[in-house]
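Heads up, the next two complexes both have chain A, just with different partners, chain B and then chain C.
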Partner chain A sequence: MKGRWSSIVDGKGFDIALVALPLTFLLTLSGLPLIYNVLMSLQQVDLFSLGTFWRPFVGFKNYSELFAQQETWPILANTAIFVAASIVGQFLIGFGLALMFSTNFPGASWLRGLFLVSWVMPGLVVGAIWSWILSGDFGVLNFLLRESGLINGNIFWRSDPNYSLLAVIIANIWLGISFNMILLSVGLSAIPADLYEAAELDGANAWQRFWTITLPMMRSSIGAVIALGIILTLQQFDLFAAITSGGPNDSSNVAQYWAWELSFRQYDFAKGATISVIMIVFVMLAAFVYVRSTRHEIRG
Partner chain B sequence: MRHAFRERLMLAAALVLTTVYLFPLYWMYITTLKSGSAIFASPPAFWPTDPQWQIYGHVWQSRNMGRYILNSLVIASGAVAIVSVLGVGCAYVLARYRNIWVDAGLFLVLMLQVLPASLMITPIFVGFSQVGLLHYPRLAVIIAIAAKGMPFFIVLVRATFMSIPRELEEAALVDGDSRSGAFFRIALPLARKGILVSGMLIFMQAFGEFVYSRSMIQRVELQPASVGLYSFMAPNANEWNSIMAYAAIYMTPLLAAFVLLQRGIVSGLTSGALK
Partner chain C sequence: MNIRKCAMLSALVMGSVLGFCVPAMAEDVTISVWSHDNDRPASSLVADYNKLDTGIKIEYREVPFDDLVSEALRAYSTGQAPDIIAIDNPEHALFASRGAFLDLTDMIAKSTIIEPKNYFPGPLASTMWEGRQYGVPKATNTIALYYNKDMFKAKGLDPDKPPRTWAELVDAARKLTDPAANVYGIAFSAKASEEGTFQFLPWAQMAGASYENINTDGAVKALDTWKTLLDEGLASRDTLTRSQWDSTGTFNSGNAAMAISGPWELDRMVAEAKFDWGVALLPVPEEGAERSSSMGDYNWAIFSSTAHPEEAFKVLEFFVSQDDRMFSDFGLLPARADIDIGETGQPLKDAALHVFLEQLKYAKPRGPHPEWPKISKAIQDAIQAALTGRMSSREALDEAAKKIKAVLG
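Then we have the complex of A and B:
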């Protein structure tokens, strides 16, 4: 007993204790729910059987029922559109800003810091602000678009099925610009300056330098940023809750919001768990790419 | 000469883009100062002619914001307490060793970091209700948030520990200090800045958390400010000046903390995510 105690104070036991406690906590509260989720997706769950672990086992019935529902494929398509459009928008704008700030004009680092402000804003606050900006009759975006002659009548961003998903995408791009910009800035600053000087001496213009130096050197940063963008976009829930609630008529619904709706609005926990399982597989794939593209730095 | 001109041009472009980017924030604050009819004016005023300052006090009182904010503070503090007590040691060990087990632990941490809350809430809710944790809904939310935030915290703090030379601890060990003594007296004090910034980031995330709170806290008296804002925004809400005032009261303290800690946050975020 004394030996074990002294090991905890002064030996390997100390390190093992430090790492074992948090990992147990994480495994109980993230790992276990993950497994439980898979289990529930194979069970028949209703409000009466909620309190027990031993519910009727139904195999893949939840999955086949889910894909027989007519809203499933449109919602999955919305999810794909939401992720793709958000990533493209965030990445292009973020990369452009990162390139601009990398020229190191006076005040660059200070202005760059301001872009991180969206990171500390509660998601619901961002959603509330964009709800108001995108409001149909009195929204300021409609006003600006009308004044600049881009549209003639008001667009009802939040209630028109053709625009509702776009409304959330716009807000999500705004939210995602900051981390794209800052992470790409880090990648840009790691490129040695003498590479550019050498290329300039060889007569390469800015455009050629970008394609032959910047992009190839940024490959792993870009991979990490895009994978992280997919992960964060699939985590986005608050904007849907605040701006469209997935409506009208599921036109802006995405899988991560639908899973919650199934569980907590329709109390169909088995279906909610089923969607969760499917989406978590996708998130894990993106996470795998992310971890791989940052791996050399994790080891180092 | 040409160089200076280009720099000035870049600065001007950056200022314009920053203004465009920050416009939603500006619009929130401006809207709070407009009267109930002025918000529906066309064209909308971009500068308040008749600022209505009393709206802040009014919204604070009528929406019972004190209680909501207090609940948010309780939840965020609880989550930060759990995360930092458990996470610091884990980050330290993962930074100090390099073997297959550490790699496996780190991989596990990184994979658990990415699980979306809205997907995890289904099993967490059912599991928590089975073990009776939902009788203490705020505690349940604290634990769930802590589990969600801890991997990120570990990654950030680990980067801090990596930057502290281990020779300092070895010197303490040579001088006769114990293993735990070297951790508490040498490594921990040196890493305190990184730990503080990472803790602040976890606090801010927990302060704005919505999914877990919305799903697990049914009683209005225990709900945090994010849920309060959600219930304020009914589908046909039109008191946008009041809603924006609520949002402004909710996030201005976070904004202030961000401005004060900006340097630390920027370096913390970048080191955690890519390094």
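Then we have the complex of A and C:
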């Protein structure tokens, strides 16, 4: 008895308890809904059978029906473009800013803190502001482009099928910059300063120091930031709701917004669940990369 | 008075109060009411009713618009539905067709307060399913044409003769559009949401089409007219993504000379518009063609799972008995032809209301059909495909007709 108690207080039992607590939490609040979601994608879900658990099993019918729809592939392609372009934009600008702030010019830490403002703002507010900026007739962006002579006529960012996805990407890059910048700043500050000093003594110029010290030392931070970025970008919903509603003509529709539209606009919950399942696969891939890169961090 | 006396006295008072209350509470039946209302009538009506002390107590819950249907579905399928709900009219049939709403036909036949013949035909039709009545319209609205009389004068158009046909409308829009002054001829909404269907369907219906038969020549002409408005720059390209409220905002600020929207705009327009304006009936395809308009707002319904159908019906009767306050107190149009909404003292608003009341006579419900959201989506897709130039109006509407046929079975 005494042995068991002491094991719970400071032995193996304590470790198990520590692991069991978050694991139970994860299983009940994330695991079960996930499984339920997969189950729903294999069932015929009716509006009025929402409350029941055992519904007619239809196998992969929802999947085959989904891929027979003509909008499916374009929307999946939009999703890929949205994620790739957002990540590249967020990362490059975020990394550039992090490097700039790491030079510690006067007021650098101040300014870096201010950048977090964009991260603190609710997505719908960001979306509403961007939808004004991007508005066709009276938008600030069109005004700036026109005054600087870059365009002659107005670009209808939200309503022109050629620009609508780009419009949301621009807003999403802006939203993600500070997140990338802060995480990468943390990574940069973890690189020992004496490495740079030694390299400088050996005559390495700034460019060489960046390629041979900064980048290799940042590998795990970069992996983590990109993996988290992919997950957050796949979750991005508010901007679509606020700026284009996925339109016009689905030209800016992406999987996550479509899943919501199907479930809560057309009440086709099974199809909504089916898209979510497809997305889970991609999120898992990103999560795998994230776990790999942070594991590397601990070892190193 | 010392403390002990004081305590005894208050105990006595408390006791007698409780003594009176207990029997009354035992008799009280609680009726739960769900609605999406903001500053609209339900919460006030509930408070008024609870003051009457009829032995029925109403518990009110405000549900956000986006959650109303899914919350109601979830509650109903788990046996926790409220007694009464106010449901958006195109979704009424979804519940009625599945037996989720109580058939009120016989109760209404006996009622001295609810008279179906007093209602406008459109709102009333939205409460019906297979010839039986499953609810009562709560309020109603429709769309008509707002126009800026000052701009009409400035461009040499007669401000007392607003466009009556589609050709006149396009013609007026061409004359009124003035890119140099940032003025579009007309503002409306072709958004890929229920709002787009709400705005387009009346055009199709005026030309003889219906949702069951959406790819007629008339509907194609309607969509082509919309396309002309956008392609010639008579309406902003943002019409494709802008809500009715935001579109009419550009009318109020003087950036559009005409706007198609509903009476919910009136108060804002009176406050914001710094010009003389008027409202006209929706233009028709050609002189003498059938009129039509869309119809919005909510219906009251009783869930069939209620334990107190009679009490719930009494509550509905109370709501209906207050319909004459609908406009004066809450700014909504009652769905009834027998109520004179009176004068507001605002001449522009009064004139506008008369047009909206006239337009309401031609208002048609969307559906009623239990799969309305899917039908509506097919129509929205067609509007967007045609207006973005991805398909011709004919192809887009053929596609919509195919999808709708699959839904109708």
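In the analysis below, the second predicted complex is superposed on the first by the 269 of 300 C-alpha atoms of A that agree within 3 Å, B and C clash if a C-alpha of one lies under 4 Å from a C-alpha of the other, contacts with A are read in each partner's own complex, and residues count from 1 in each chain.
Everything below uses one rule, namely that a contact is a pair of C-beta atoms (placed from the backbone, for glycine too) under 8 Å apart; a residue touches a chain by one contact, two chains touch by 3 or more.
Here the structure is a predicted model, which is why all the values come from computation and not from measurement.
Quick check on the chain A-based superposition: chain B and chain C, clash or fit?
Clash.
Could you look at A:160 and tell me whether it touches chain B, chain C, both or neither (first, second, both, neither)?
Touch partner of A:160: chain C, not chain B.
When the two structures are overlaid on chain A, which partner does A:92 contact: first (chain B), second (chain C), both, or neither?
Neither partner.
Touching A:30 in the superposition: chain B (first), chain C (second), both, neither?
After superposing on A, A:30 lies in contact with chain B but is clear of chain C.
Of the two partner chains, chain B (first) and chain C (second), which one does A:47 touch, if any: first, second, both, or neither?
A:47 contacts chain C only, not chain B.
Determine, under the contact definition given at the top, whether A:235 touches first (chain B), second (chain C), both, or neither.
The answer is first: A:235 touches chain B but not chain C.
Please indicate which partner A:133 is in contact with in the superposed arrangement: first for chain B, second for chain C, both, or neither.
first
On the superposed three-chain arrangement, identify whether chain B or chain C touches more chain A residues.
B
Which partner does A:251 contact after superposing on A: first (chain B), second (chain C), both, neither?
The answer is second: A:251 touches chain C but not chain B.
Between chain B and chain C, whom does A:264 touch in the aligned arrangement: first, second, both, or neither?
Once the two structures are laid over each other on A, A:264 reaches both partners.
Does chain B (first) or chain C (second) touch A:77, or do both, or does neither?
Once the two structures are laid over each other on A, A:77 reaches no partner at all.
What part of chain A is shared between its chain B contacts and its chain C contacts?
Comparing the two interfaces on chain A, one with chain B and one with chain C, the shared residues are 50-52, 135, 137-138, 245, 264.
Give the list of chain A residues in touch with chain B in this complex.
Within the complex, chain A contacts chain B at residues 8-11, 14-15, 17-19, 21-23, 25-27, 29-34, 36-37, 40, 45, 50-53, 97, 100-101, 103, 105-108, 111-117, 119-126, 128-133, 135, 137-138, 140, 143, 147, 174, 177, 179, 182-183, 185-187, 221, 224, 228, 231, 234-235, 237-238, 241-242, 245, 256-257, 259-260, 263-264, 269, 272-273, 275-276, 279-280, 283-284, 286-288, 290-291, 294, 297-299.
Going by the contact rule at the top, pick out the chain C residues touching chain A in the complex.
Where chain C meets chain A, its residues are 66, 69-70, 73-74, 76-79, 94, 98, 100, 182, 184, 191-193, 236-242, 250, 255, 373-374, 377, 381, 384-385, 387-388, 390.
Inside the complex, what are the residues of chain B that reach chain A?
Against chain A, chain B makes touches at 7-8, 10-11, 13-15, 17-18, 21-22, 24-25, 27-28, 31, 39-40, 42-44, 82, 86-87, 89-90, 92-94, 96-98, 103, 105-127, 129-130, 143-144, 146-148, 150-151, 154, 178-181, 183, 204, 207-211, 214-215, 225-226, 229-230, 233, 235, 240, 243-244, 246-247, 250-251, 254-255, 257-258, 262-263, 265-266, 269-270, 273-275.
Taking the complex as given, what residues does chain A use to touch chain C?
47-52, 135-138, 156, 158-161, 164, 244-251, 264-268
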